[in-house]
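Chains here go by letter, A, B, C, D, E and F, matching the order in which they are written, and residues are numbered from 1 within each.
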Amino acid sequence: MIETVSRKRIEILVDTPLVPRLIKHARDVDISGWSLIHVDAGGGRDGAWQHDDVTGAAAKTIILMIASEAKAAALVDAIAPLLDSYRLLLTVGDVQVVRGERF
Amino acid sequence: MIVETLTSPVILFFVLGVFAALIKSDLAIPEAFAKAMSIYLMAAIGLKGGIEVAESGFTPDLAAAAVAGLGLSFLLPLLAFTLLTRIGKLGQIDAGAVAAHYGSVSVVTFVTAKEILTGQGLSPAGYMVAVLALMETPAIISGLLLARRGQPQRANAESSGLLHEVFANGSVVLLVGSFAIGLIAGKDGFEPVKPLFDTGFRGVLCLFLLDMGLIAARRLVQSKKLNARLVSLAIALPLINGTIGVAIGTFIGLDTASAAALGILAASASYIAVPAAMRMALPEADPGIYLSMSLGITFPFNIILGITLFSQLALMIG
Amino acid sequence: MIVETLTSPVILFFVLGVFAALIKSDLAIPEAFAKAMSIYLMAAIGLKGGIEVAESGFTPDLAAAAVAGLGLSFLLPLLAFTLLTRIGKLGQIDAGAVAAHYGSVSVVTFVTAKEILTGQGLSPAGYMVAVLALMETPAIISGLLLARRGQPQRANAESSGLLHEVFANGSVVLLVGSFAIGLIAGKDGFEPVKPLFDTGFRGVLCLFLLDMGLIAARRLVQSKKLNARLVSLAIALPLINGTIGVAIGTFIGLDTASAAALGILAASASYIAVPAAMRMALPEADPGIYLSMSLGITFPFNIILGITLFSQLALMIG
Amino acid sequence: MIETVSRKRIEILVDTPLVPRLIKHARDVDISGWSLIHVDAGGGRDGAWQHDDVTGAAAKTIILMIASEAKAAALVDAIAPLLDSYRLLLTVGDVQVVRGERF
Amino acid sequence: MIVETLTSPVILFFVLGVFAALIKSDLAIPEAFAKAMSIYLMAAIGLKGGIEVAESGFTPDLAAAAVAGLGLSFLLPLLAFTLLTRIGKLGQIDAGAVAAHYGSVSVVTFVTAKEILTGQGLSPAGYMVAVLALMETPAIISGLLLARRGQPQRANAESSGLLHEVFANGSVVLLVGSFAIGLIAGKDGFEPVKPLFDTGFRGVLCLFLLDMGLIAARRLVQSKKLNARLVSLAIALPLINGTIGVAIGTFIGLDTASAAALGILAASASYIAVPAAMRMALPEADPGIYLSMSLGITFPFNIILGITLFSQLALMIG
Amino acid sequence: MIETVSRKRIEILVDTPLVPRLIKHARDVDISGWSLIHVDAGGGRDGAWQHDDVTGAAAKTIILMIASEAKAAALVDAIAPLLDSYRLLLTVGDVQVVRGERF
């Protein structure tokens, strides 16, 4: 089997208008890339919501980033203060990647 | 007149949407289609406004209405902020955010009003579309100043980002751009594209209001942030702002229909441009409050009652 | 007449869709647009039906057709269930689920039939739209009773959820709601929205049938659940149900065009409302079977042959 | 680095019409929130499918939930009997979250 | 004439889109709606072309234009490839991929040109739609042969997949299919669907070009792959190819408008069918290069200048 | 708690036109199913991009596959040579599944 290395898989669920802010934070800690996944609907402490494109303010997006442990930790530290006011959902998991030097 | 309004297909489709949401029907308009309709409606009213101004020329009325609109958008948030903190018991940040919504405008409310007024022989001047565009974003600045008053200055980067949001906002660009295209192309240039933008207009408005009825009522039903005070303010604010708007419009000498339109603009609250800007600039403010008030209460109130009220008021004092 | 039908653009676009799917072209209509077109088509036929009834008034015919439609939707699943278990060799649950589809109706088949019949001077009465709405959901109840017969009673929560699904189903609400709007607004109220809902209708139907051709043929190609017995039944059931429908329509005294329309409604099988309801209420039933039969075979059969057959039958026995 | 705690990341792939049922189960075991992600297409034992909005019955959705180990286990137990008849795909992974008391 | 072109709403909406992208406005047309508009436009021009040919019959002109179109699509990539490797300094694979784009055509450029030419009394023959469809895919084969020249033969599976892509490509199927439907249905059959496909056409083109302006300018702004050489070639190639196209069209005896249209087809570069095919068949080629050149530079160049240039040229040498 | 087994969760981010190729590779190593998730936008070494349906060539998709460790390894080996020319992003994580014999 080809050689793989461990990296962090970071998932941030955030209101779509705030995405550029978080990407700026990711760039500041030198994370190399990100991908955005649309969230259709959800529910939490504030009840349920559905996405509607007309009033985009209620839309939510998942930002997916693969990064080294160090960069992931730096990112988590950078955005931890925003978790409450921005109502973020942040998870970090472990994954194996090939050619990990990219991340 | 209220009966006439309530039996026009445009309003009936809105009511159907509200009804479907209240009985929890799974009726849904695809988002992309709803967004497309809103783009179509903005392009169409922009074009038509521009063509009308190309016909009538730039008049002093136009300038007066523009100044009045700008002033209202900047100043109405002050009044709203006071009521929201005193009576609504909101904190500074939430009150500032909500106030911005009530200073800004709802394009759909304007379009619906234009249709209903025109159906009654009260056609607002073409330049009111430009006034609509002008009123969309200044309230964002007022609302933010109110929300941040007394707090340490923010980084420059952020406020320049905000200015950009204010001027490069998608609906402002589309409205102003289509208005300019209408101005340049004029009545003759418009002829070839008229079938789409003119003939189909009311039908699209029906389907769009069906969707807005669904969205507004669902928002109201799912909301956990409204209390009696906020609900009352979401009705009082359009009444107050609309009356001020009609009065100013009449005072500066606009024709009755345009004064009514200015009143309706003042009465309407934004639920597209401003929420997005607030989510960015004031992430601490609770979107549950401002969206439920502007979209869940004020919007349906204006569609069903406000438009008729303010046009009657304009007829009375005009 | 079959040649006339087959060379109308509406049917040719359907054939183009089928062809594109069979040669595995990557031609695709965006889902949101297809959904939007189906909403448009339902709103348009609802409105038109309501306006026609506003003109003609409530007649005994209307009541007779409504009762006949309700009866057919409730009872046709019984026959289908028997054939599906005996000849089709399906188990009780799958047979009940499929039977529900054949008792219910396909809106697009009806709309296409209305276009083709009207093109031949055979215009079904406006109230047939109401009959269409009435026939959409009763079959869901029959199908479920058949599928669950002899099994322990389900929790109440679930069956109340189902009743809700039956009455608050999106397409029922939209059809009935637009019908009511047409009734209230009448011919004059309809005038301003007519350009969108009337003039554009056939063109939209072309593009929608292009998509339905793609979807139906892809479903057929990808299906792994069909066998010769099921394919035969997916053709036999519309033939039987359609003949019963035309006969009953003629018997209760409907005009030829409306009797033909009742036959086509009986012959058509649902592939929107019922599959969703079955997935919820009978998750054990295999969607591969019911979707492939109703959408992959019965729908194209009706569009290409059934509509012509049942209108000929109505002309013969009418 | 800010303190994180371990939580479970539950992913359920399910036919869209069944989503409300599963969310009811999640609520019953006191899971605090969920997010829905649209699935465009897929393939499995029954061959390939694409989403089409017209006949929504074939649409599939991923329900994403972050929950404590105990709640995740309770949810898995609750929906295990449905796995076959509902044709669910259920996976549970480990993630780190900040302010884990929410979940 | 350039002024006339630049003040038509169709072009002004394109300019508005470019402007909005340059000021980084968040204006966005939902993708599904944009895709839907492109399907509508292709169906509409296919239909209209077919009807015109049904009227005029198959003429020798048609055959000559078809042969010329096929030849251009096959051969123009050779010239492009030489310039791209010599002057553009691209490697073999990237040069082959870009060359395929310039041999193929842009449907939107053709549609816009048809509108503008027709507005000036220069209506291209109906069969040019068939030529458009014929020119879409042959260049894919030439481009691949150029890119893979001298390399070991690929697996058969892959090249059969490619042939399929060439013939079953969605836009080819839709164009040819609608053309055939127009041929079969003829002018009378078209009548009922005319309101949608004819009347709405220009308005839809406006909104679509608004989106294309946004997409093209965003692509240009975000591109990191362009240098002065590639930018120059993205302007030189349409100039050269377009001149060749007009000359050949005139030489084989097409009417002025059709010769201009052939020139515009030759000048235009694909940004839909070919990029998808290249991503599949030449994954090593850099999409940043071919999309930025064809969509970011050549497309706007043709819309704003090329169309006028080649129609003037056709008038001069015609 | 019901019995679960460990499986691999493979996520491949890829240009949409290349999806059929990768699914063919997955079938070759006998992976039983896959699901496609649409990616809206992203950014990497080549700058940012947004999805637009008009020129579908820039669209990206996530292919999600659950598979046994052995099959996952076989897949990674099979597509490793393509990582560069196809510009793939490939991650493999651990998840628990119920009735794992399916995968």
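As a working rule, a contact is a pair of C-beta atoms (placed from the backbone, for glycine too) under 8 Å apart; a residue touches a chain by one contact, two chains touch by 3 or more.
Since the structure is predicted, the reported quantities are computational estimates derived from the model, not experimental observations.
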- Message: Using the touch definition from the top, how many steps at minimum link subunit E to subunit F?
- Response: 1
- Message: According to the touch definition, list the chains common to the neighbour sets of subunit C and subunit E.
- Response: B
- Chain centres computed over CA atoms; the one at greatest distance from subunit D is chain E
- Query: At the place where copies subunit D and subunit F touch, is the share of residue numbers found on both sides over half (same) or under half (different)?
  - Reply: different
- Item | Most widely separated chain from subunit C, with each centre as the mean of CA atoms | A
- Message: Suppose each chain is reduced to the average of its Cα coordinates; what separation in Å results between subunit A and subunit D?
- Response: 19
- Task: Could you give the separation in Å between the centres of subunit B and subunit D, each centre being the mean of its C-alpha atoms?
- Result: 39
- Message: Using the touch definition from the top, which residues of subunit D touch two or more other chains?
- Response: 37-38, 53, 93-94
- Note on the structure: Where subunit E touches two or more other chains simultaneously, the residues are 30-33, 35-36, 199-200, 276
- Chain pairs that touch, all of them, please. A-B, A-D, A-F, B-C, B-E, C-D, C-E, D-F, E-F
- For the subunit B and subunit A complex, residues of the former touching the latter: 31-32, 34-35, 38, 211-212, 215, 218, 222-225, 271-272, 275-280, 283-284, 287-288, 291, 295
- Message: Could you list, by residue number, the parts of subunit F that touch subunit D in their complex?
- Response: 1-2, 4, 7, 9, 23, 32-38, 61, 66, 93-99
- subunit C partner, complex, touching residues on subunit E are 30-33, 35-36, 39-40, 43, 47, 164-165, 167-171, 173-174, 177-178, 180-181, 184-185, 189-190, 192-197, 199-200, 276
- Item | For the subunit F and subunit A complex, residues of the former touching the latter | 11, 13, 37-45, 60, 62, 73, 76-77, 80, 83, 89-94
- Query: Given the complex with subunit E, which residues does subunit C contribute to the contact?
  - Reply: 7-10, 12-13, 16, 19-20, 23-33, 36, 119, 199-200, 202-204, 206-207, 210
